[in-house]
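Quick one: structure below, then a few questions.
Chains: A, B and C, in written order; residue numbering restarts at 1 for each.
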Amino acid sequence: MAQIVLDQLNAKFTGGEILESGTTHGDEWARIRRDAWIAAATFLRDDPATKMEMFIDLTCVDRLGIRGGKPDAPRFDVVVHLYSVSHKHRVRLYCGANEDDAWVDTLCNVWAGANWYEREAYDLYGVRFKGHPDLRRILMYPEFVGHPLRKDYPKEKRQPLVRRQAGSRE
Amino acid sequence: MTTTTPPSTTTPEMVTITIDGKTHQFPKGTVLLEACNAVGAEVPFFCYHPGLSSPAVCRQCLVDVKGQPKPVPSCYTPVADKMEVMTRSPRAVDVRRQMLEFTLVNHPIDCPICDKAGECMLQKQYFDWDAKLARNDGIKVHKAKVVDIGPHIVLDQERCILCTRCIRVCDEVAKNHQLEMAQRGDHEVLTTAPGHQLDNPYSLNTVDVCPVGALTAKDFRFSMRVWELYTTPSICPGCATGCNVEVHHSRGKIHRLVPRENLAVNKQWMCDEGRFTYKRVHAQRLAAPFSAGAPVEWDRALDDAGKLLRAALDANPLEVGVVMNAQSTNEDLYALAKLTFDHLGLGKAYLAGLDQGWSDDILVSADKNPNTAGAMAIGAGRLRTLLDLANDLKSGAVTTLLVVGTHGVLATDAPSALPLDKLKRLVVIGTHRGHLTEVAQVAMPLSEWAESDGTFTNRLGMVQRVRAAVPAAGDALPGWEILSHLARKLGATMDFTEAKAVFAEAKSKLPFMKEADWGRVQLPVQLRFAGSRG
Amino acid sequence: MDDNHDSTLAPSTLPRKVVLGFQDVEDLTAPDLPTEPLPLNMGPSHPAMHGTVRMVLEVEGERISSADIQIGYLHRCFEKESESATWTQVFPYTDRLNYISPMLNNVGYAMAVEKLLGITKEIPERAQFIRVIVGEVSRITDHLTCLGASAMELGAFTVFLYALKAREWLFELLEEVCGARLTSTYLRVGGVAYDLPPEFDAKLRSIVERTQVVLSDISKLLDRNRIFRDRMDGIGIITREDAVAYGITGPVGRSTGLAYDVRKDHPYLVYDRFDFDVPVGSVGDNFDRYAVRVEEIHQSIRILDQALKQIPAGPFMHPDPRISLPPKNEVYNSIEAMIAHFKNIMDGIHVPSGEVYSFTEAGNGELGFYLVSDGTGRPWKCRVRPPCFSATEVLTKVLPGLFIADVVPTFGMINMIGGECDR
């Protein structure tokens, strides 16, 4: 139902910025190259045919371990969901970032709501957002070490500020 | 299911076949089942095994081939040029379901108490291909359960689905006919051959290949549910063959070892003796540094050891003996060689290890140490034997000993026991407690094979990667790390901070490690359902 | 009633002029008085910061000049835990997201997994009706709690007790349905866990009647109450543009004039068979949020009425043993059902690999579940898009300029549920 969004994106960005796009399970999605992230987002917000004024969600996916088919794929995917209140269609955007180069441009200047969501993605995954006015942890306490939702952060890992229970080895 | 093919020297002839509408090319002679699974058109099977002959008895792998009136067993059919295979045609899918229904007709409702649950091929294939509730509610045929058929294995005849994999393992791998089928039809059962037990040295492989829980290992029975196990790939330290294994562990404790496929070393098998080498990781460990008989902090132990060795070297360096161990990794040995030969300037060292044992021409090597080849190459002609050490100790030529690795030197009453009466100073860095660690002035705990990252060199000269599966017992540290600290106490600089760095340096200096590869970081993989082995 | 009582319902727009003895407020800014902004810490341990939230306010006199809202005190690692649980084991975790309306979270998650499995159209009809019914019951409990708690913080303790009395009837009814008041874990992938108990229809109708009486009592106490109106009218205004830019949906979003309700705009389950209205505010202040919530309870009651009339008989769970557990007598007596039960529980439902975003209308707005599957029985990622996260975020913009005392009703009317915001 949101094919128009993908069509408009592909029509406007013809320099290879749209790496991939498609529809799965009824959801339209597009993978944007990192240097075109803000441009694509702004276009989607303003273009009268797409008009994605509503910022729904921003999160990150850590694909460590499931890139078997594509070993060169980026480890982190910043995933943004957008909605248009006027046209009632949605789209999902992906932007990949490698492990040693984990940053993406901030969308705070496009949608004000991206602020806290980006802080959360930074807090839990360690992906930095360039240009973010206030990039600090939001859910974890400031002295927390590491980024917990990464796949190589084991669930049972102890933090330095957490006292050991008497009698336990770990 | 992937097979690691050894490098071939000639390009094979290729044939073109169509699987589910897509064309693919395969070398001539490829089994159709392997071909289908390789391209993602998964075909289930029970009796097929890449390391055994294909009797096509289970009929689970039937696929439709254009031009054939009946579905063909893909495990038995080689690919032929212009073959058109349909693995998802309605008839193929229905036939799969029917075969599972037949197999399940007399299968006992044992899942809650069956060890195989969680890695059972029958469970997995039912869920993927059948998923229909039972149509028949007749009384099941009852057979013998909990039959003790050998020193390591228990048989449950009701669970057996008559695939004959175990019989073929005994016949073709162990070359010892000990199992066979008896009776016919509904009443067919697996049993031992007349006058035999299942006691060949490869018997536990039958437990691995058994698709269901008919054959279970006494060692592993009821000890842990498989989905709680994590697997780490490593190398068996039982002998110089260096069979590739998977260490199955949970919460810091190893529960079993199973073979990993390596067509160049051990194919898909390992011997029973090797399987039990995990027990020594958890038994009788030296867990803390000791100095003068009392447990101390690491720093204090290293200090004391340093002082002892410094005094010995100052008195007479020729009387200082260093004992390496063929059970240590290449990295530990390299660090020790660097310290001994380069920094301390000693001209020789001794090589200890487990004594020679029995061997056969299947997998087992007489040399019961995994890294003799590595030790010899690193020693480069400067190594003497344990016998030489015993003589030198008896004559008083060596009055100070630094022993790194306690396998094979701990016992007091063995013929290889070392005479210690003329020994003035003894520093032991070892894994297990024994006489030697009791009498040593300083004893420091060393991490075992399953707790270390490193490499072993097998009898064929292959350098294989050993990975740490469980955290080190107590305060034990890897050998290269202990030796780095000790070197500092002795005034030498050897600052290794991770095993990978030791490996990199050793690789640059030692020709036999030229082709070696450290491999990528691997997260421990949780065993979730059947398909990881079998 | 004294002469100052204003009997109209219009929000008070006259500037407030406080008379302190002989001096007017304006005189207090005379240059000879030293002033500096005061950092004021509100929470996390504070009666009005429910859900546990810390607000570091910078105030000048009584006016807030900046607000740093620090959440995360109730973060319980929902996503990390979901990654090591099977698809069905995630249901208890979803209960504890918006713990005042647990069924709505269950519904959201179940629908997301079903969308990924591709069985959305195969859910039995009775199960769909049951989901709508328990979902609307949960919505009513959510709104009652919000109204009650906010009113209590403004001093109307009676309203709180009335609202909770009604909420308790509904929770007791849910307890009869699934065994627990709050932590229901009632839904399963493919349907619901158990059928509705007998006489559910009669009981729910009776509770609904009594709830309407409670609502009318609450309205009589609050709607024209001078204190309530003064503290709520014109306070905490969120503009429609902000609601859209921040992604604020639900009663808070609709109070700003944004007419978006997932049940109407993208109907799911059987919502398209019901006749109901969606209340939309105009000003976007606290009172609008209150009024929208009260009206939504009335609309939910309308939906319940129609659902109870239309619900068909039939199965309440998907028949495929790969998705639902087989009947227990079969499990104990046939190997097929035993294996199905075993694999279902130990492995989890084999959801094919893929990603999906599914959204439903929860108590606070669009509750989204973004699921990533790697083909096994456990999620690779199970992201919750919390509706009150955006609403709490906008407070950093709305609070500056308000009085300290205004924080209480504004924060209360946002209905930030800690479990949902922090997960």
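Heads up, the rule we're going with is that contacts are C-beta pairs under 8 Å (C-beta built on N, C-alpha and C of every residue); 3 or more make two chains touch, one makes a residue touch a chain.
What you see is a predicted model, and the numbers here were worked out from it, not measured in a lab.
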Can you identify the chain nearest the overall CA centroid, using each chain's own CA centroid?
A
Of the chain pairs A-C and A-B, which one is connected by the greater count of C-beta contacts?
A-C
Could you state the distance in Å from the CA-based centre of chain B to that of chain C?
54
Express in whole angstrom the distance between the two chain centres, defined as the mean CA positions of chain A and chain C.
25
Give, as an integer number of Å, the spacing between the C-alpha centres of chain B and chain A.
41
Quick check on chain B: which residues sit in contact with 2+ other chains?
none
Which chain A residues qualify as touching chain B in the complex?
64-65, 151-152, 169
The answer for chain A against chain C in the complex is residues 24-27, 53-57, 59, 61-62, 66, 79, 81, 83, 85, 88, 90, 92, 111-113, 115-117, 124, 137-141, 148-149, 155
Going by the contact rule at the top, pick out the chain B residues touching chain A in the complex.
252, 523
Of chain C, residues touching chain A in the complex
70-72, 75, 77, 79-81, 84, 115-116, 118, 242, 244-248, 258, 260, 265-266, 353-357, 366, 368, 370, 372, 374, 380-381, 383, 385, 389-390, 392-394, 397, 422-423
Note: in the complex, chain C contacts chain B through residues 320-322, 326, 330, 332-340, 342-343, 346-347, 350, 376-378
